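In what follows, subunit A forms one complex with subunit B and a second complex with subunit C.
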Partner chain A sequence: MGFNLDFALSTVPTIIGAIGTTLIATVLSCVGASVLGFTFEMIRRGGGATGLAVRFLIDFIRSTPVLAWLYFLYFVLPFYGIRLGAMTVGILGLSLYYSGYLAEVFKAGIDAIPRGQQEAARALSLTRRDTVVFVIAPQMLRNVAAPLGNYLVSILKATPYLAILAVPEMLGRAFDIASETYRYAEPLTVAGILFLALALLTSYGVKRIEQRLLAAGRR
Partner chain B sequence: MSLLEIWLGILQGLGITAEVTAYGLVFAVPFALVFGVAQFLATGMTRFVVTAVIEFWRSSAVVILLFFFYYVLPVMGVTLSALTVSSLVLGLNAGGYASQAVRAGLQSLPPGQREAGMALGLSRPAILLLIELPQALVAMSPTFVNNLIQLVKATSLVSLVTLTDMTFRAKEIAQTDYDPVAIYSALLLAFFVVCYPIALAGRWLEARVNPERGTSRGI
Partner chain C sequence: MLTQAPHPVPAVQSIPHVRIEGLNKWFGALHVLKNIDLSVGAGARIVVCGPSGSGKSTLIRCINGLEPFQKGTIQFEAATLDKDGRDTSKARRQTGMVFQSFNLFPHLTVLANCTLALRRVLLKPAREAEEIAMRHLTAVHIPEKAQAYPAQLSGGQQQRVAIARALCLNPRIMLFDEPTSALDPEMIKEVLDVMIALAGSGVTMVCVTHEMGFAREVADEIVFMDEGRIVEHASSRDFFSRAAHPRARLFLDTILSN
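Coming up: the complex of A and B.
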């Protein structure tokens, strides 16, 4: 049985139909990972025993595969009576995994801010919270925009992992078609091309935004 | 099963994890060197083709690449073992990332290095091999360590194409023992034990190669 182009084309609408699920999973995981990563970085910066524990947690997350985290959450949460849908577990897993990386992005973004900024905030006797919200965060955001965009693309490329938890995103739909028809080559080819196109398009968009931010920063 | 038995059971898969990583490097290292250098040197149409090949391996989702080659190659009449397909796909994906480090390393060298080589009457290949590549590869070595860690972590995917790596062993044990907390914690710990020492080595390398950039980046 060779590659049947007509059959491949017939699978396109079904697989594209799941693009919404893929995009929602990408955006929610990216937001989750940013919030969690920023929180981790703030706790780590605070130092003390909690800071040290979070420092270890970040290293631990970054030394372990995303697939292992997805299995961990998928099988361990129900054991404690927490029953969530596969999509929720998947988004939680991607958020947790990428929070380890984004914590490092935020760290670099904060380290790049000149020390004088913090000292000036202290001289004005701003509270720690006000310093973070009004002095550090706005400057940090410009520093982290580019790497954050790259991680958005990485997270997009990680969403097919959710198919393993039977989330009906694009790869999941492709597998549904494959198991109904016993033909794997065509739906997987279509899913592969669609994901590649989506990833290239997203990274092009991220680069454009990056250039505009750079131009705005120079003004 | 006791916690220790579970952990030892999972470690039975370490051989396959190591094998896929090692064979993966056989594909990744030549790919990164050849395509990284080619992208640096080539112009016009050749550069476009080189970039297209790199982007195929780098911008595709690795989950999809693995399933794609596992299911589509046999349809094309190419039958490879699961081990070969996995090493090829994970290796070239990692090689795609590493090729960008090779190119960036070469591009960031001051032009005076090449000009000095030309002034000494060295040929272009001699300048590349004796002057540019050694400096670029040393400067980028921490990034290569990160790429290696990503490769080790990506080997968890081979459990989905029937290879009995650590992740596969964890799922096997989970079929006979209902103890998800212990099993999946042990799986995470097993990967941590493998990857964390590599990450520490990477930080040590980073501190030696780029003392001014600090030791914080790692993994």
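Coming up: the complex of A and C.
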């Protein structure tokens, strides 16, 4: 039973049909993880009891498997009356899981900003919020563009986890074809190539953005 | 006939812009500022000098609330700084600060560096903020770099932009923390020239510097610090001709012989 190219090509439309689900899950998880991660880092930086709590939360998230989070959100929350769709749980799970990592990335990006920047902002009477928005965040983004991009690609590659919740993303769809036809090589290869293409495109996009961010300070 | 004994009236002695009383600061166990008393009159030009580690930078950073302190008060016309620092933002609004390392925002153009606080703190509309910023950039002779980024400028140019940025908020008192110490020698003059012009325009300034030529030319008062104390506070002329404290004499001899 060799690799049948014609069969492989015949699976492409079905698998590509799931690309929308994969992309939506990726983009929303990226946004969710970034917003949550930045919020966590800001609260952790603020110190105090809440800061400490968030610090533990970040460590806790990073020390648990992403599958555990997905199962937990999908199967345990309903016991407490919280019923969410599979896609919602998937996006929520990936956002939470990666927020822990992104909080660490943002921390490094902020730590790398010279102290004098905050002092200059204070001396100019900028509020704490304005300092974050206009002084810290833009410089942080420049510092973290490369590692942030890596994590965004990671999130893309983590979307097949959602298959366990029967979210029809690309790898799940490929596996469905495989189970129906008992031919695994072709659909899985097609899904793999599509993921590769998406990942390369994302990396390329991230690199372009990174270059533009870096150029802004060095022109 | 003389009915009143003539008494010397210092050239500048109106209501003080800032009055520092009994200021004490510790870094942990280290007592870095010891009972500092200092009045900065309107239009005064005070140079603070002294050996490194004498507390001069810390003093100037206390004045705009960048450093908290444990004892004493710093009184502004409408705000008083003390150990609780409640009035910090009010006090800070009255001061402009120029740092040794410029601290321009690298991701913003020169113009945006200057307009940021105008827009966000003074809530000026964009047009007006830009006009004010351009006026100050022109005053420091660098209007043509308005659209440049800090990394494209020399150190001297960056420091002049930093001065313009601080002036934009129209502070009552300008604080300089060793503004030329991070500069190559050939750039020191362009920054000092701007500061001299600034002094000529009547801006109140307190300047920590080792530039004794500048001090002699511009300052009307010299404060000499050693080990956290003000050990000499005299008019510029008196300081250079007959500083009394041995530590100040030694400092002058070392600096002026170079």
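Just so it is clear, the second predicted complex is superposed on the first by the 215 of 219 C-alpha atoms of A that agree within 3 Å, B and C clash if a C-alpha of one lies under 4 Å from a C-alpha of the other, contacts with A are read in each partner's own complex, and residues count from 1 in each chain.
In this section, a residue touches a chain if its C-beta (ideal position, glycine included) is under 8 Å from a C-beta of that chain, and two chains touch if they have at least 3 such contacts.
Keep in mind that this is a model prediction, so the values were computed, not measured.
Participant: By the touch definition at the top of the document, which applies to A:Phe106: first (subunit B), second (subunit C), both, or neither?
Facilitator: neither
Participant: After the superposition on A, what does A:Phe40 contact: first (subunit B), second (subunit C), both or neither?
Facilitator: A:Phe40 sits against neither subunit B nor subunit C.
Participant: Under the stated touch criterion, which partner chain does A:Tyr98 make contact with: subunit B (first), subunit C (second), both, or neither?
Facilitator: neither
Participant: Examine A:Val135 and indicate which partner it touches, taking first as subunit B and second as subunit C; both and neither are also allowed.
Facilitator: A:Val135 contacts subunit C only, not subunit B.
Participant: Could you tell me if A:Arg122 is touching subunit B, subunit C, both of them or neither one (first, second, both, neither)?
Facilitator: A:Arg122 sits against subunit C, while subunit B stays out of touch.
Participant: According to the contact criterion defined above, which of subunit B and subunit C contacts more residues of subunit A?
Facilitator: In the superposed model, B touches more residues of subunit A.
Participant: According to the stated criteria, A:Tyr151 is in contact with first (subunit B), second (subunit C), both, or neither; which is it?
Facilitator: It touches nothing on subunit B or subunit C.
Participant: Which subunit A residues are contacted by subunit C in one complex and by subunit B in the other?
Facilitator: Subunit A residues touching both partners: none found.
Participant: For the complex, which residues does subunit C have touching subunit A?
Facilitator: Contacts found on subunit C: 64-66, 89, 92-93, 95-97, 99, 101, 103-107, 116-117, 120-121, 148-152, 165-166, 169.
Participant: For subunit B, which residues count as touching subunit A in their complex?
Facilitator: 55-56, 59-65, 67-68, 71-72, 75-76, 149, 153-157, 159-160, 167, 170-171, 174, 180-181, 183-185, 187-188, 191-192, 195-196, 199, 214, 216-219
Participant: Flag every residue of subunit A that touches subunit C in the complex, lowest number first.
Facilitator: 114, 116-117, 119-120, 122-127, 130, 134-135, 138-139, 142, 216-219
Participant: Within the complex, which stretch of subunit A touches subunit B?
Facilitator: 1-3, 59-60, 62-69, 71-72, 75-76, 78-79, 104, 107-108, 111, 153, 156-161, 163-164, 171, 178, 184-185, 188-189, 191-192, 195-196, 199-200, 203
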